[in-house]
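In the two complexes below, subunit A is the common chain; its partner is subunit B in one and subunit C in the other.
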Partner chain A sequence: MEIAIKNSPEKLFIATEKQTGKAFAKRFLTSLITLFLLVSLIFVFVRLSPGDPTKKYVSAQLSPELSQKISEKFMLDKPVIEQYFAFLLNSVKGDLGVSYNFRQPVMKVVWEYFSFTLVFSTLSIFLQIIFSFSLAIFVARRKNTFLNKAVSDFSLFIYSIPSFVLGVFLIYLFSVVLNLFPISGLKSLDYDSFSFWGKILDQAWHLALPLITLSAAGTAMFYKYIKEGMDDVLHQSYILNLRSSGVKEKVILKKHVIPNAISPLISVAGIELGVLLGGALITEVIFSLPGMGRLTVNSILTRDYPLIIGCVLTAGIVMIIANYLADIIKIKFDKRLLKGLLN
Partner chain B sequence: MKFKLKIIHWLTLLWLLLIVFQHEVLFQYLSLWFGYAKLFFVDFSEAIDVLSLKLVNVILSLKLFVFLPALYIIFRKKWIFLQGNLNFSYALLSLLIWILIFAPIITDENPEFSKNLAVTKLLPPFSSVKILHLAGELESSQSEKEKFHMRLNQTVKPAFNERIIFADSVIVSESVVYFQKTQKSELQKNELLLKNGEPFIQNKYFLLGTDEYGRDSFARLIYGTRISLFVGFGAVVLSFIIGIILGFIAGYSGGIFDTVLNRFTELFLSFPVIYLIVLILALFGSSLFSVIIVLGISGWMTLFKIVRGEVVSIKQRDFLISAESIGLKKSQLLAKEILPVILAPVIVNLVFLFSNVILAEAALSYLGLGTGNLYPSWGAMINSGQEYIYKAWWMIAFPGAALILTLFAANSSGRRINKIINPRLDK
Partner chain C sequence: MMRKKILFALFLIFPFIFTACDSKSPEHNNRVIIGISADVNIFNPLFTISVDEGAITELLYLSLFDYRWNEVKGGIEAGPMLAKRWEWAVDSSSLKIFLRDDVYWTDGTPLTADDIVFTFDVYSDPIVQSRLYGTFEDLFVDEDNHIDVSKTFSVNSSFEFEVNFPANSVPNLDVISPSIIPAHIFRDLKRDELSYSEQNFKPVSSGSYYLKKWDKNQTITLAANKSSFLYDEDQIDEIIFKVDPDYTSKIIQLKKGKIDLLELVKVEDIEELKSNSELKIVPVIGREYDYLGLNNIDADAYSNGEVVPNKYFGSGNVREAITYAINREEILNERLLGYGEIAATPVSSIFKSVFNDNVKPYQQNITKAKNLLASEGWDDVDQDGILEKENEEFSFTLYYPSGNPLREFASMRVQNNLKAVGIDIKLEVVELGTLIEFLFERKINAWMLGWYIPIPVELKPYWYSDLESTPLNFANYRNVKVDSLLDLLQTNIPAEKRTEIIKTFQKMIHDDEPVSFLYWVPNICVYNKRIAKINITPLGTVSHCWEWRLQ
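Entry: the complex of A and B
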C-alpha cells in the first residue's frame, strides 16, 4: 500500500511501508545510542566525582562477603577501561549493585517505587489533557469575551507557580485551615479495615491534592498549545468557507478544528513527560508519597550512591522510551515527518 | 499631553523611599565609608586586612546609591530602556534588580542573626520585641584602627552579637527587670548602655515575622532575592556562552561537528534534566558555584538550536561573505557580524531561561540540594515553613509569593519582549 502525501506544491513524497519500517528502526537505533551515552555519562560522572570512586559501590554497611562479590562484579581493582565495560555490561543485565539503605539489589528497590510514580504520572497526564482540552473548547466558543482573556491570563499565572509552592499552599488551605484532605501519605492508618471500594476511595482522597499539584502547570501548558493551535485553525480560509456554507459552529469545531489542532499536543506530550517526572520528584517529596522521586532525594541525602545511579538511569530510560513512543505516534498522525527522519 | 508612568519614575520613587525610611542606615554607612577612606591613608596594610566581602558589599551598594542620580544624568541617552512605559512585570523585575544591588541598604540586619530563641522564635508579622544593649568597655584614647573596628561592628552586623538581649517586656526601676517568656531576669543599670541617664531600650519590629531560629524573615527574603538572582544571572550567562559558542561552531563549520553536536544536544534534551542535576550535585557536593555551573550546563540546549539555525541561514549572506573575505577572525565574525543579527531571539530565550533557572534553584533548595544550607534561599525558606505549617503561615506565604511574582514577571516580560521583536505574533 502506498500513502501519498502532498508535502509542497512541487514535491510529492511517497512513503512505502518498507520505508516506514526503516525510519522506525533508525529512530530506535538513535534511542539506543542515546541510552548508551547516558550510561557512559553516568559512569564518567561517578569516576570524576571527588572521593574514592570504588567506595561509590561498596559501603562499610555491607557484609565483607557481599562487598567482595560486588567489587568482583564491577572489577573495582582493575583499570578504568575494564571497569567501564563491567559497568556497561552490568547496566544491560539490570544489575546496579546493592543499595546501602535497603540492603537489596538496586533494581528491585527502584522497581517497587517506580510503579507508584508510573500510575501517578499517567493519571496526571490524563487529567491534564482532559482539563486543558475541555477548557480550550469552552473558551473557543466564547471568542472576544472577558472570560477568554481572563482564562488565558490565569493560565499564565498558574504556569508561573512552582509546583512546590502550589503544593504547600494547597496543604495549608485544604489540610490545615479547612481540614478536608490529609496532609501527606498514601493510606489512612486504618486502611486495611476498609472494603475494596473503601480502599480505592481512601487512596483517591489521599491523591487528590498531589494530583492537582502535579497537573496544574502541565494543564496550563497544554491549554496554551491547544488554544494557539485552535486560533490558528480558526483563521484558516476553509473554516470561513464552512461557515459561509452554513455548517453549524458545533460541527466545525468537532470535525474540523479539533482534529487539526491536536498535532502540537502530541509533540509536546513527549517533552511533557520529562517535566512530569521532574514534577513528580518534587510532588512526592511535598506529600511524602512512596514514589521514585522521593526515593531519589532520600538516597541522595543519605549518600546511597548505587541507588542514586539506579534512579537516574531508570528516569533516563523512561524518558527515552517516552520520546520514542511520542515520535512514533506523531508520525502516525502526520506522515510528512517520516521524510525528516529518513534523511 | 497625557502623562505616562515610566520605569525611571518608579526607580526614582524607590530611591526616595529608601532615603526616607533608611536615612539612619545610610548615615551609618556613609560614616563607615569615610572611616574606611581615612584608614586607607593612615594605615594601608590594616585597611587591606579588614577588607571583607561584607564591607565591600556595603560600600559598593552605598557608592552606587549615592552616585545613581549622577550616573543617570550622564547615561540617560544610552539607557533608553529607562524611558519605557511602566507595567506590572517591568516594575517587579526592576524592583528585583534594585533589591539585588541595594540589599544592605534595604535592611541592615544580618540574615543569619539569631539570639534569645525563646523570645524571637516564630513571631508573626509586625510583631515587636524589646532590645536591651549591654554596655561595652569604653576606651577614651582610641587609635584610628580601633575606632574603625568599633564602627564596623556597629554598622555591618555580625551573625552573633553578645551585647544584645531580646526581651518580651522590660520594667525599669532601680534595677532593670526583663522577661523572656516565663523567665524573669534582673540587670543593674550600669551594666546597660545608657542614654541621658536612662537605659537605652529599643523596639525591634519584625516586618515579616521570624523563622524557627528567630531570624528576621524580611532580611532573609531580601538576601534570598540576591542569591536567587545571582544564581539566575550566573547560570544564564554560562548557558549563553556555551550555547552561542557551540551553536556557532555547529552552524558555521557544518559537517561532522554539526552532526556530533546535534546528537549531543538531543541527548541532553532527551533525559529528565532535574535527575541529572540531582546526580551531579549529589556526587560533587552543592555549593553556590556548583549550583550555578550545573544549572548553566543544563540550560544551553534551546539556545544552541536557535543559534545554529540562524547561523546556517545567514552563512551564505553577502555581508558575512564579505566580512570573511576581509580576513576577520572567527571570534570577530561571531561577535561583530552574527551576534547583532541574532540578538533578538536570543534575548527572548534568555529571559525564559532566567525564569527556569530561578525556579530550578528554588526547587533544589526546597529539596535540600541547593544553596539553601549555606545562604538564605526562597526554596529553603519554604521547606522549613512546611515543617511549621500549623503554627507559622508567614514562613511559607512570603517566600512563596516572592517566587511566584518573580517567575510571573520574568515570563510575562519575556512575552512582551517577544511581541516587540516579532510583531506578527500579536494578532
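Entry: the complex of A and C
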C-alpha cells in the first residue's frame, strides 16, 4: 500500500508503508533511549540529593539499629553505582522494586493512582476539546459581533486564573454557599449502598468541580488555538472561491475550515494530555483526589526512591504515548504532515 | 431543540438530586467522621510509623494493658485490657499474667498466650525489621537483639503465662505493652516477607473496632466489633477517618458538620470556630515544643573526627545570652494568640509529677544578654552593630523548614531580637527532609525545629553525650554530669528517685541551655458537641473511642 501525499500542487510525495513503519520504529527507539536516560538521571539525582529515607526510622522510641537494618534491606548502604546496576537488572525483569512507604510493589502502587488519573485526565481533555471546539465554531459564525469579542476576552480571563484560585472559588460558591456539590473526595460515604447508575452519578457529582477546575484553563487555551486556526483558514483565497461558487457556509466550515484548523490543537492536546496524566497536583490536593500528582510529590518528600522512579517513568511513558496519539490523529486529518514525520 | 433543553434542565437539577441523596439517612447517623491529613499505608502494628497509623492500629489490635492518662499525676497508668490481672514476683524478676478468656480475633479464633509469645518473637526478629526491633533490652535477647522466647516466657496455660526478666534489667510493663498480633494468621508466612504481606491490609483484629472498609486516600471505616468484650450497645457504630490533605477544606467540612472531629487546628481559626455553637474547642498543651537549635560543637572539626566547642555556641553563657535576647512572649502572643506555653526545658508541665516548677523560663533581658556576651569576649570593636571576637563577626545562618509558618515567623523574630544584641543572622529556608539530613550529619550551626515528646518521658536519646549512640542529640550537647543522671534513669530505681533525677536534669539543662527552648505548641482539637464522653488527653484523641457516645 502506498500513501499519496500532496506536497504541493505540482509534486506528489509517495510514502510507502515500509517508510512509515521505519519512521515510527525510529521514533520508538528514540523514545526508549529518552526514557532510559530520564530514569537513569532521576535514579542518580535523587540518591545524590540531601535526605535519607531511613531517617524516619530514627526516633526516641525506636532503636538506632532499625534504621541500619532497613538501609541494608533496601541496599541503601551500597554504592550508588551498585544500586543502579541492581535496579537495571530488576527493571529488565519488570520489577521496579518495593515502595518504602507503601511496602508494596511500585507498579501496583502506581497503577492504583494512575488508574484514577487516567480516567480523570481523559475526561478533562475530552471536555476541553468539546467545549473549546463548540465555542470556537459558535463564535466563528458570529464574526465581528460583541459576542465574539466577549468570548475571546472571557477565555483570556479564565486562562489567567490560577487553578487553586478557581478551585477554592468553586468550592466556596457551589459547596459552601449554594451547598450543591461536595467539598472534596471521590465518592459519598454511602457509595456502596447505591445502584450501579447511582454510583456513576455519585462519582460524576463528586468530579464535577474538580473537572471544571482542571479543564477551565485548557479549554480557554484550546479555544484560542482553534479560533486563530479558523481565522487563518477563513482568510485563505480558496475559502472566498468556495463561497463565490455557492458552497454553503456550513459545508465550508465542516469540510474545509475545521480539518485545516485542527492541526495545532491536536499537537497541544497531545502535550496537555501527557501533562495531565503525569498528575494534576493542585486540583488533586484541593479536592482530595488520589492522583499521580499527589503520589509523585509525596514520594519525593518522603524520599521513596523506587516510587519516585515509578512515577517519573509512568509520566515519561504517558507523555510519549500521548504525543504518538496526537501525531497519528494529525496525520489522519492531514496526510501532508507524514512527510515531516518521515524527515 | 427540545432534546437539548431537556438535557440542559437535567444538567441543572443534577446537583440538587445528589445534594438530597447526600443528607445522612437515619441508619447512618450513628457514626463519627474524623478528618486526617494523610492516608495510612499499613494496618499492622509491627510496621506502623505515622501517628495516625499508630492510633488506628491500636484500636484494631489490643495490648496486654490499657494505658490511660492520669490528669492529677500528669502521667500514664496501666490498667487491665487483654491481661485481666498480673502479679509481680517479690524480687520483680518475673511477672505472672492472667489473660481474659473471652477475647476473640475477628475470625472467631480465641486470643491466647500463644499469640503473646509469637508477637514478641516477631517484633524482635531482625529479619522482620519491625518498628520495635532492638528495643527489648530488658528481656532475654540474643546477640541479634532477638528475644529468647524460651527464657523470657513460661506459658502455664492458654490464658496464663509468666515473663522473666534478666538480672540487671529494668522490669516494667512498658516493654510488653505493644499491640498483639494473631499467631494463626502470621505464623505460616515467611518472616522476611511479612512486611509485604496482604494480611497487613486485611487485618484479623481483636479490638473494639474492626476494619470494615479502606477506600485508599479517601476513607478508612472502622465498625464496632460486636463480639469484643469492650462492646456495648451504646457504642458508636462506625468511626470513619476521612483523608483530606487540604487544611482549609477540612475546616469548611468541620463547620458544615461533614467532619465531626479535627486535630491540629490552627489558632487563627479558633475565633471563628467559637461562634459555631455545635463545636467544642479543646486545646491540649504539651507534647511538642519548638526550639532554636544551636550546635554546641564545631561542625567542620566534627567532619574530621574531632569534637571541639563551636566558636559561637560552645559556651553556655553565649547560649543563655541568646535565650535572654529572644522575646518568646511576643511570638506566643502574636502567632499562637496566647495558646501554648513558654518552654524552659524539654520536660513539659503536663508531666506534673516530674516537672520541676522551680525552673523558670528566662525572661527577655537585653542588658543581661549583652553582658553575658561581653563576658565571653564578644565586643563590637568596629562599631558596625555586629559583635566580634578574635577578628570574627558573630554572624551565622539560621536554617528553618519550608511549609511551617509558625517556625518561619519565629525565625524572623529571632533574627530581629538577636540583631539588637549585635548578632547577625542570615535566614535560609530548606525542605524539611534536607534539614533533617543536615542535622544527622551535624553540619550546620543553627536551625529552627521542634521535638515531639514521647510518653513516658524519654530524655537520653536527645541529651546524651555519646554522639554515635544518640543520633538525635542534634545540638551535640555534652555534659558528663547529665550523662550520669541519664544512665541512672536506665537502671532499676524507685519511682521517687526517678522523679528526683528528672527534676535535677531539668535544672542542669536550664543552666546549660544547650538550645534556646522557645514554646510548647498546643494541639487544638475541635469536635462536634454531638459526641459525648470524649476525653482528649496528651495520649491522643481516639485512644478510647469505644467509650464515646452520640447525643
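Observations on the model:
Everything that follows uses one rule, which is that the second predicted complex is superposed on the first by the 269 of 343 C-alpha atoms of A that agree within 3 Å, B and C clash if a C-alpha of one lies under 4 Å from a C-alpha of the other, contacts with A are read in each partner's own complex, and residues count from 1 in each chain.
Keep this in mind: contacts are C-beta pairs under 8 Å (C-beta built on N, C-alpha and C of every residue); 3 or more make two chains touch, one makes a residue touch a chain.
Just so we're clear, the structure is a prediction, and the values are computed from it rather than from any experiment.
Of the two partner chains placed by superposition, only subunit B is touched by A:281; subunit C is not. In the superposition on chain A, A:50 contacts both subunit B and subunit C.
Shared-chain residue A:162: touches subunit B; no touch with subunit C. Once the two complexes are laid over each other on the shared chain, residue contacts for A:123 go to neither subunit B nor subunit C.
Shared-chain residue A:329: touches no atom of subunit B or subunit C. In the superposition on chain A, contact of A:37 is made with subunit B only, not with subunit C. Legend: residue contacts after superposition of the two complexes on their common chain; A:320 is shown touching subunit B, with no touch to subunit C.
By the touch criterion defined above, A:137 reaches neither subunit B nor subunit C.
Judged by the touch definition given at the top, the superposed model places A:247 against neither subunit B nor subunit C.
When the two complexes are superposed on chain A, the residues of subunit A that touch both subunit B and subunit C are 49-50, 168, 171, 176, 183, 285-286, 301, 303.
Residues of subunit B that touch subunit A in their complex: 263, 266-267, 270-276, 278-285, 355, 359, 362-363, 366-369, 379, 382, 385-386, 389-390, 393, 396, 400, 403-404, 407-408, 411-412, 415, 427. The touching residues of subunit A, counted against subunit B in their complex, run 30, 33-34, 37-38, 42, 45-46, 48-50, 156-157, 159-165, 168-169, 171-172, 176, 183, 235, 274, 277-278, 281-282, 285-286, 296-297, 300-301, 303, 305, 308-309, 311-312, 315-316, 319-320, 323.
By the touch criterion given at the top, residues 49-52, 55-66, 69-70, 73, 98, 101-104, 112, 168, 171, 174-176, 179-190, 192, 198, 201-202, 204-205, 208, 285-290, 294, 298, 301-303 of subunit A touch subunit C in their complex. For subunit C in complex with subunit A, the residues that touch the partner chain are 14-19, 21-22, 25, 28, 33, 38, 41-42, 47, 49, 126, 129, 131-135, 145, 195-196, 200, 213, 215-219, 221, 240, 242-246, 248-249, 252-253, 256, 258, 431-434, 436-438, 440, 454, 458, 461-462, 469, 471-472.
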